[in-house]
Amino acid sequence: MKIGVKVMPRKEILDTQGRAVEGILKQHGQKLEHCTVGKYIILDIPETDPKAALAAAKSMAETVLYNPLIETFELEQI
Amino acid sequence: MMKRKCGIVRFPGTNCDRDVFQAVEMVGAEPVWLWHADQFIAKEYDSIFLPGGFSYGDYLRSGALASRAPVMKSVREAAERGIPVLGICNGFQILTEAQLLPGSLIRNNHLRFNDDWVGLKFQNTNRFFAGALRKGTNAKLPVAHGDGRYFVEDDELKRLQDKGQIWLTYEQNPNGSINDIAGVMNEKGNVAALMPHPERAMTEWMGGVDGFKFFEGDLT
Amino acid sequence: MSNGAAAEFEAKLKKYRINRAEHEMITTLLGHEPQGIEWALFSALWSEHCSYKSSKVHLKKLFNKSRRVLESFGENAGVVDLGQGERIAFKIESHNHPSFIEPYQGAATGVGGILRDIFTMGARPIALADYLCFGEQSAPRMKSIVDGVVRGIGGYGNCVGVPTITGQTEFHSSYNNNVLVNAMAVGLFGKGERVFLSKARGKGNWVVYVGAKTGRDGVHGASMASESFDEDSAAKRPNVQIGDPFFEKLLIESCLEVMAQDLVVAIQDMGAAGLTSSSFEMASKGGVGLKMNLDDVPLRDPTMSPEEILLSESQERMLLICEPSKFEQLQAVFHRWGLDAVKIGEVLDERVVELRWRNETICKIDPDLLVENCPQYQRPYSPWKAKNRVAGSSDVKTGVKNANEFLSSVLKDVRGTSRKWIYHQYDSRVGAKTVRDCADSVGIVRLPESGRGLGVILGCRPYVMRWDAREGGIDAVAYPALELAAKGFEPLAVTDCLNFGNPERENIMSEFVASLEGMSATCENLDAPIISGNVSFYNETMGQNITSTPSTGLIGLRDTVSEIPVSEFSSDGEAIYLLRLPMVATGGATQELNKLPVTGFGQLEPSLIGAFTRLVRVLADYREGGTLLSSTRIVGKFGLAYALARMSMRGTGCRIDVDKLKAARGEVSTDDLFREHMYEIVVTAKKGREQDLEAEFRQIRGALASADLLPIGRTGGQKVEIAGVLDYALTDIQNSYKTGIWA
Amino acid sequence: MKIGVKVMPRKEILDTQGRAVEGILKQHGQKLEHCTVGKYIILDIPETDPKAALAAAKSMAETVLYNPLIETFELEQI
């Protein structure tokens, strides 16, 4: 079963990448208020039960996929 | 004799611009700054350099944000007119992102920045840059990059081989580049690029002199 | 006071980390109880980090003048004059606590901060160096801390385009819960380029804010850096400061451009305690006042309070003073680089800083009260006494049984192995000035206008500090000075980063004072003043203090970059000498590796060190007919055997003559091969120049009777060989040394 | 309106980071078959019509957010 992990910079923390990309997109005349850049990780987990898969994904996210000081994460079944 | 006029493109975050400026002066040519937000008249230049660095912080993908800047219109025009264009390190990444050169440069296979001296081999002669260094010659230059792993699809790789567009290869692959590729050129050869830094090997005190020839211009 | 009011008062003292005596002083100075924002201002500016209240009385005594010094303590960085129009700004600074919490960002913002101290003065940064102390491999999180710190330093320095040309890395259990990350930056003023200071001037001039917007990053960071770590530090941590080297690069280029166009009256970066310390210091130093409107400060989050705005430690921001008529031109430069520049206030004649927020004055206060009137503490300490001494050098037992086996284990141990894993992640050649990089014992850049060489080197060997703080302090200057001299560089000036534990503990304060005395005396004898630096106290976690670690950064000058001696043997058949000035014999690093207490014999003598350094420099300098010495290396940790192994790393070995070595050192034994004799230098003479070298030595030795130059063997072969004691193949040396760091 | 742009490596060989993360997770004893690491970009677009917002996001993705030689992208309304 595949679980998607969305890892985004915490709101109060400076998103250096988002700031640069936003600047460029605006320069290109794109209509944009704000842009945030994070990571997307697809985990293929040998589980058929969504609950078990999500639990495994959560544990992986917490071990290595995200840094709680500067990021938040969300899981989704895909 | 008129000095060769060499345009040096600066993006926000370019950091080898002054080094390339110094190199161009060292070979007796005339360096001229070109600003990312402006276009320039291509035919007024004898060659164009895209120096290394971290244009736009290397955010998103190395070279991606710079490759969309206004100055790249003029660089493209220069390339089409046959004016020699050389990309070094981040300049290489920008030229591939702009699709002026084939392939892509992705994260080093060991996922770390790597600073070292590397041995190189000229796989083909490029008459526009380092023309004196013929096919089969060896050279030693510094590398310093995190995203230097060259990648192209197999069919494209074959085309590059057939058309003699593979310029330089590493003797010992420092980043996982496909077929050890360190530098490539377009079909005509006037657009060329490499990951190593010739501007950091201009005189003995820098630790090597093999970079000098890259700035001397068309010697044929 | 009612119970409730008393509790509230206590809570305030605690929150703002102000003690009762300080509170009383503040009340007297202000003429009233501190109110509102005043608490936060005093908390920040009277913190140890900003005020140096425990160290100032001792720092004042440091040797800090020479004919070359243009600026020293008090400015963002020290500046020395090299003559020929060239001047150098340099400084070292710590970022220990933030790097322990978030290694990547902590180390990265450390580099960013020290760079701003340099280009704030108008100097273009040309080199970086990093001094790192980590814990043991088994300590919790240590592997990822090492990895994060190294990545962070590289990530910032590489991107902003300043080469890292030297560094030092130490490992010891005392850093298990408190790593040290010290970064040094060096900047160059070319001919005709002005030195900019932070003194605000000129009534009616504008206060201009440039760079990144202000967010909630690191609010209260300065006062947090001024207390010991405990387990709930993680819970009360401020928002991690995020560095953006790309933004910093834009800031460097735009600041240097407005300076070159003469659009700036005064300038200061926003470092610890952010806008508060920069504005109050600029006003206090300039003897003027400032009126600032906090509503005009560009914010990342519009809901920020005035206190947060004042204390935010958001990175990549500068405060500058400019004449109103020049503002438009100045703003245009910043805009061209994609940065904001906004007016947030004006300079006043009257010596007050007035802060406005939502049409109200929230504070009006004499800046000197905050900057100049902070209490200075004379913390208790006891005078230095020699310790851990034995009766003679042969009583220094190293615990080594088998020389070959020990050498092999040292080369593989994290304390003796290659640092290539670290420095290969740093760009060492951007700027195209690098002559020698981290692979060599001294970093060297070539000054483009004069063609002279500038040497950069770090010092402080913690195991010497653990043995004896005075000797450790002397060595923190002497060892790097000799490293410079051995490449023909004259040491010019010193910066220091005093990493210590809790100064309220007498043993820590005693080590602080003893090491400072040692450093200062050595600097004086070298005529190399200490002109900038930083104190990092409270490196204490859960009651454990770090090794007292006064790290240093030295710069040196050589007239040319031609024929600088290398650090490895490079050709067969050259004569090897020991150039020595024996004062101390210690087991140092070897004893620690063998889990023995560190002992030593003798005492370091700063006046002899000064003379010896000059002698070494002359021998290693360029001269008509070519440099006399082909290679040089100081015998340091793990003694002569290790030094010879390191010198053989490029494939040329050596054969040491046991009789000659015995004549030189008085003893040849397994023990002695791994002892350190402070100080010894292994040198090789260029072929055919042996006679010249010996003659020159005799001629310039002068009164330095205890110095010697003694032949001990020849280069060549594929082994390091000391008949009967050590016999080690180069391939084994290379393979062991390659093992590298464990991260 | 917020649009999420998921940018993923086009093939295994281009996913160096995925290989590394997978290795670390497995070292930590996590049950995992495969892992892919990409980017997630949130664009805050001043449009209320989802169609218009998606069209704007597509144009931004194609201008700069992804490189067709090495990546693929997907949009989603969030």
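Residue numbering begins at 1 within each chain, and the chains themselves are lettered A, B, C and D in the order written.
Operating definition for what follows: a residue touches a chain if its C-beta (ideal position, glycine included) is under 8 Å from a C-beta of that chain, and two chains touch if they have at least 3 such contacts.
All values derive from a computational prediction rather than experimental measurement.
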item	value
Of B-D and A-B, pair with higher C-beta contact tally	B-D
Euclidean distance of C-alpha centroids - subunit C vs subunit D, Å	42
Inter-centroid spacing, subunit B versus subunit A (mean Cα positions, whole Å)	34
Averaged-CA centre spacing for the pair subunit D and subunit A, given as whole angstrom	9
Separation of subunit B from subunit D, taking each centre as the mean of its C-alpha atoms, in whole Å	29
Sites on subunit A at which at least two other chains make contact	16, 20-21, 24, 28, 37
Contacts with 2+ other chains: residues of subunit C	244, 246-247, 338
Contacts with 2+ other chains: residues of subunit B	56-57, 59-60, 65, 68
Category of the chain touch graph - line, ring, star, complete, other	other
Every chain pair in contact, whichever chains are involved	A-B, A-C, A-D, B-C, B-D
Subunit D - residues contacting subunit A, complex	4, 6-8, 18, 21, 24-25, 28, 30-47, 56, 59-60, 63-65
Subunit A-touching residues of subunit B, taken from the complex the two chains share	56-57, 59-60, 65, 68
Touching residues (chain side subunit C, partner subunit B) in the complex	151, 154-155, 158-161, 244-247, 249-250, 337-338, 423-432, 434-435, 446, 448, 561-562
Contact set on subunit B toward subunit C in their complex	12-13, 15-16, 18-19, 22-23, 52-54, 56-59, 112-116, 142, 144, 146, 197, 199-200, 202, 205-207
For the subunit A and subunit C complex, residues of the former touching the latter	12-14, 16, 19-20, 23, 67, 69-70
